[in-house]
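Here it is, the structure, as structure tokens.
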Amino acid sequence: MSDLAALWAASGLAGLDAGAAIMIGVGLLLLYLAIRKEFEPLLLVPIGFGGILANIPGADLALTAFESSLHGGDAALRAQLAEQLGLPADATGKALSTAFESAGVALQASLEGLAQDAGYSHGVLYQFYRVTIASGVGPLVIFMGVGAMTDFGPLLANPRTLLLGAAAQFGIFATLLGAVALSSAGVFDFTLQDAAAIGIIGGADGPTAIYVSSILAPDLLGAIAVAAYSYMALVPLIQPPIMRALTTRAEREIVMVQLRPVGQLERILFPLLLLVLVALLLPGAAPLLGMFCFGNLMRECGVVERLSAAAQNALINITTIFLGLSVGSKLVAGKFLEFETLGILALGVVAFAIGTAAGVLIAKLMNRLSKTPINPLIGAAGVSAVPMAARVCNRVGLEANPHNFLLMHAMGPNVAGVIGSAVAAGIMITLLGG
Amino acid sequence: MSDLAALWAASGLAGLDAGAAIMIGVGLLLLYLAIRKEFEPLLLVPIGFGGILANIPGADLALTAFESSLHGGDAALRAQLAEQLGLPADATGKALSTAFESAGVALQASLEGLAQDAGYSHGVLYQFYRVTIASGVGPLVIFMGVGAMTDFGPLLANPRTLLLGAAAQFGIFATLLGAVALSSAGVFDFTLQDAAAIGIIGGADGPTAIYVSSILAPDLLGAIAVAAYSYMALVPLIQPPIMRALTTRAEREIVMVQLRPVGQLERILFPLLLLVLVALLLPGAAPLLGMFCFGNLMRECGVVERLSAAAQNALINITTIFLGLSVGSKLVAGKFLEFETLGILALGVVAFAIGTAAGVLIAKLMNRLSKTPINPLIGAAGVSAVPMAARVCNRVGLEANPHNFLLMHAMGPNVAGVIGSAVAAGIMITLLGG
Amino acid sequence: MSDLAALWAASGLAGLDAGAAIMIGVGLLLLYLAIRKEFEPLLLVPIGFGGILANIPGADLALTAFESSLHGGDAALRAQLAEQLGLPADATGKALSTAFESAGVALQASLEGLAQDAGYSHGVLYQFYRVTIASGVGPLVIFMGVGAMTDFGPLLANPRTLLLGAAAQFGIFATLLGAVALSSAGVFDFTLQDAAAIGIIGGADGPTAIYVSSILAPDLLGAIAVAAYSYMALVPLIQPPIMRALTTRAEREIVMVQLRPVGQLERILFPLLLLVLVALLLPGAAPLLGMFCFGNLMRECGVVERLSAAAQNALINITTIFLGLSVGSKLVAGKFLEFETLGILALGVVAFAIGTAAGVLIAKLMNRLSKTPINPLIGAAGVSAVPMAARVCNRVGLEANPHNFLLMHAMGPNVAGVIGSAVAAGIMITLLGG
Amino acid sequence: MEESLLQEGLDLMLFGMLTVVLFLALLVLATSALSAAVRRFAPPAPAPIAAPRSDAAAATDPSPAVVAAITAAIVRHRHATARRKEGP
Amino acid sequence: MEESLLQEGLDLMLFGMLTVVLFLALLVLATSALSAAVRRFAPPAPAPIAAPRSDAAAATDPSPAVVAAITAAIVRHRHATARRKEGP
Amino acid sequence: MEESLLQEGLDLMLFGMLTVVLFLALLVLATSALSAAVRRFAPPAPAPIAAPRSDAAAATDPSPAVVAAITAAIVRHRHATARRKEGP
């Protein structure tokens, strides 16, 4: 009979609390959005599934050995852990967790060792998290693959569009300020680091958002990644009203000059130029932009097709699977079902809207100052969300003039937006990280 | 001349003992079976080769730095290690090993550090083992890939066949009892954990067997994995006599109802349904079945083809290479050339036989109770060994009726057997693990 | 304003010293050679790019947390680190580094932990280095892939060519002696380990050179890998003059006997034979030749096509990317811009030349002793540099006799050279490693 | 230990087998309910069970000779890409 | 903390946005200079911007039917290779 | 150190080179014996040395035009699959 009792005690139903149930529901909702609504499915399918796995009561897939041991009923072990942390033997699990997080690396390792000695082990999702996100490697490898998939041709043909990519980053910084203002007003309790990580949602770049929040605000990573990918998927709904509101029909009808052809040498030299500028001026952006330029150089140099193909296929796909599951491992009730998450979701959509507006307005300004016409719609592509935002520009443009194809013109600001948010990320990590 | 002496002392011939020579022979035998007899070559080629590499005298490829240092002649280091382990300075290597295994994580790390300081390093096969098996990650990634390759259509068209997959797991538990009985009788010396890991051979599922024994009985892992894959390859020899003995010709001639088509929505919802049931009732099975369902969802959802292809190709192939070599690293003389290994091999084949018989008999029972005809041969497919067992059913069925194709009907119990043994694995890990 | 000051302090321009600037130039030069001159681009593109990334001032991508912390200005942390290392609180960064390198594993881990507690983290290139090179795994995986790409047919058809592969390794040992002689003469300051690692450049095998120097001379790894790959690319320039100087036109015109067909069974048994010989006689070569034989067995056995394809494509390409970046991480000014590097470059080209000459001369000798004709040009292919050296033989042979195709005949010594340098590597690691 | 090893093994067998059967029986019920619900509320377009999605694409059915030629080309292509162009 | 959180946020916004704009403006200048230099000293052979290198290979332009057949064959081939031949 | 560095280097060269030559000479003998045994006890079906297994499949030998079309299709297919459909 003891077996039956043990099985029941270990079963999910016995351990299920409201938080875990809600989070499993959130995971299913993300899967629904990803599969049925095609919301960025490459990331949201693994994230949603990882979120469900992380919340299975009793399985502890997203926990370290130490965290698992706090769920277990071993009083002697607990007293031992508490003693090492300088707490009384009857300290709550919450108190032990908090003390653990502020402990040093050596003490943490020692506590994990004690938990492992007692038979607890690291959950598999935690192991994925440690290797792909805590190390910082996962988003960088994705970024390398994105670089290997990126065509800088349209940008090189019209380098002015880099300014549109810069303008759209205003969404990031305005949102940062908004988060800080809401905290100052006492609505939320975000630190400056939290605010920066939330702002980066406005960069509309998944790996950048994951990278920044893994450094500045790991506790918010789940909510930030979900918001970033969800809003990237919602770009076709969020952007068009703003684009229409800020432009006249005449502006939307502007036909742009045919892009000149770009040769291979320019394509090879551009990632190196960008790398050197980053190296000299913004080393904080070097991990992200360095890997991005490396991927792009492999693509364009024409002599390492094997490596470029690996970066664009096997490597990025494998990394995406584990990165998604790892992000999902952060969707645990204690960290996601907080009032702050609502703030993150609200601020995220504001960030997208401001970025879109800034891009369009600067494009209008450039149109005044320059004699080469720019259709202001392509400013909206500066938020990145490659290539969705560029397609939205194209579609809104076609509404105004059915013969005016803006897609290629919008690809310039679109990839410029990737560079822009990586630059913004580098600045924030330099000033707030460490 | 000292060079010559050093080379000779380091050479394999100087260090070769009978155990290593026999194990190299065992490795060559596995390669012969894999290549010439096509015994599950995807696993047995790496396992056999890894077994040879692990037994090269003096190369210490499968050993940690600490284990390597015990082979070295450094008396001062040895005294230091013995002192930390609380043993006298002249303790034997065996005594040091035993003390090391029962030491805590912190002390083990400290001893490994001392050995590394003295110039010893972890062997490459040990490193593969630590990353793919000790972490538990390798079998889970394989299981994800298997999920991405699994077609649940036949099972969904005829869900009753899940019961056949359940019935065949009787082989697992009967073998467990047999192993325990032999231990009680004093023939072998298996613990309950060992018995459970041996029983899982009857699950006819390689990754499940490796996963369970890596947790419950790491010392037996080599023998268990070799038995599991060898008997999976022998399914065409083991099963038909049992199938024929337990059925009449009339039963073998039964023609089954054509399977109904299964739509995509059912295919998408099934892995989610299974996941939720596992989450609520059997969290111990969550790692295995969670990854399996994740792979299957990627396959069926239709929006992440890139990831599904990666899981089915690059990722599973790469993991298989390293998993096989890691299993091979456990084929060292000291652990494999034991009387227990004979017991494992004998019990393994019994497990297959009992599982086959149980599947066939329950299919006959279902045939009595239900009016929809079931050909009892397909019960044998419930052991899994996908898709070999289903092909065997088809072949034995064609002997009786050359126009009766059972393949698709047998795929239902076949994949049900995968679920069934993962469930059994979860129960055993919950009750006996940790 | 403090932000502006912080950004400037963190910027590359503020931190740029001459060494870093020169090394960035070296990285760009390597990229130029790789892309424009097609110098082994698969390795030199990642190595060159990694070299640039490693030298970005302030980004610390190639440093551990401890090393990064020495660049930071935290005096309290520094005093703490110095105290643990038994140094005065005002010790220089150089002194701390030196003390760290000679500290034990446990103390190093503790110091890294302190640096991480203070907010420093391991750079991404350092993480790649630790996983692919420090562990020894990267070169071995590449070697497995090379094995899976290697056709031993020509070698099996004419096994005598193995002796040419042996002869060409004289380049390795002569260079070792040269390096030692220069050190004895006081020109350089190479240890015996350094000399061996430099000599291995003459093996003309990238992964072997990286593997050996990662064990015997990690500080020289960057220069050695760059020299090895550069000279492999320069084989078409280095070898022909030597080949022409040492042979008469009549010798170069020798037509060789058509190679016999080689069956699958021989192809399967050869890697096993080689493995057994290595196991018995030279376990020090077991990691390299074991993985090489494993790859070749997967290729030839015909039953694991999936695994062979993975080893030849996804796995080797992914590993090449990270291995190249990791080698690049060793191209930091402090270690590369030394007078020793010039010595390595000079000795490397000598090694190639001696190896080429030895191969040709032994082929001439064999031609005297045997009645089956051997074109002495194919002796030059014994240095390996697969398949470039074989192509060079073919080209030089065609100059003498436009109808004499030596390519297939040269493939025998070419792959024999791979075995030969792995054997030499094993000897050196056995005698000098640990 | 209050129970003998054999008793423990017997317990484990009984509970284990029972749990496996109950779990899979529950899965039969749940799957049947799921299928019924799906077929009621979202009837799928009929598609033969043995045909994976990709076969639909293959329905244009090129002649075996063409398939053979194509396969050869693919093999050759793969082989070519797998070749060791430069010795890594 | 001498500054309020809000003040810090405002500073960060101003400096951050300014740096982004300046960096990308510098990149505009550098890129334009680069392009000018390349087109002056190493004029590229003209190639339409929208055409990636691989399209050149596609210029033989097989008929849609042939492409469909080939695609089907590739899919079938991939499917076949992806199949679980032996249960790993 | 009883020997000078130079003496050690010389020793290492002599022993190293000798070992390499002896090992590969032994391999020549063993390989020759292996080949003789295989050809005696299991004579292989003759196959030209330069033809890897896959070329057998290519023996149906489609015309260059067909191969070109197929290659284009494969390249296009690969390119298409490599494209960044959704921005990961």
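Should a chain be cited, it is by its letter among A, B, C, D, E and F, assigned in written order, with residues numbered from 1 in that chain.
Definition applied: a contact is a pair of C-beta atoms (placed from the backbone, for glycine too) under 8 Å apart; a residue touches a chain by one contact, two chains touch by 3 or more.
Note that the coordinates shown come from a computational prediction; the quantities given were computed from them, not determined experimentally.
On a Cα centroid basis, the chain most remote from subunit E in this structure is B.
Among the remaining chains, the Cα-based centre furthest from that of subunit D is the centre of C. Separation between the centroids of subunit A and subunit F, computed from CA atoms only, is 43 Å.
Between the CA-based centres of subunit D and subunit F the separation comes to 35 Å, rounded to the whole angstrom.
Of all residues in subunit E, those touching 2 or more other chains are 12, 15, 19, 52, 70-71, 74, 78, 81, 85, listed in ascending order. Residue positions of subunit C touching 2 or more other chains, listed in rising order: 3, 7, 38, 41-42, 281-282, 302, 306, 309, 313-314, 320, 427, 431. Within the complex formed with subunit D, the residues of subunit B that make contact are 151, 153-157, 159-160, 162-163, 165-167, 169-170, 172-174, 176-177, 179-181, 183-184, 192, 195-196, 259-266, 269-270, 273-274, 277, 281-282, 302, 408, 416, 419-420, 423-424, 427-428, 431-432.
Of all residues in subunit F, only 4-6, 8-10, 12-13, 15-17, 19-21, 23-28, 30-32, 34-35, 38-39, 42-50, 52-53 touch subunit C in the complex they form.
On the side of subunit C, the complex with subunit B involves touching residues 104-106, 109, 135-137, 140, 268, 272, 275-276, 278-284, 286-287, 290-291, 294, 297-298, 301-304, 306-307, 309-311, 313-315, 427, 430-431, 433-434. If you check the complex, the residues on subunit C that touch subunit A are 3, 6-7, 10-13, 15-16, 24, 28, 31, 34-35, 38, 41-42, 45-46, 49, 52-53, 55-59, 61, 110, 112-114, 116-117, 119-122, 124, 127-128, 313-314, 317-318, 320-321, 325.
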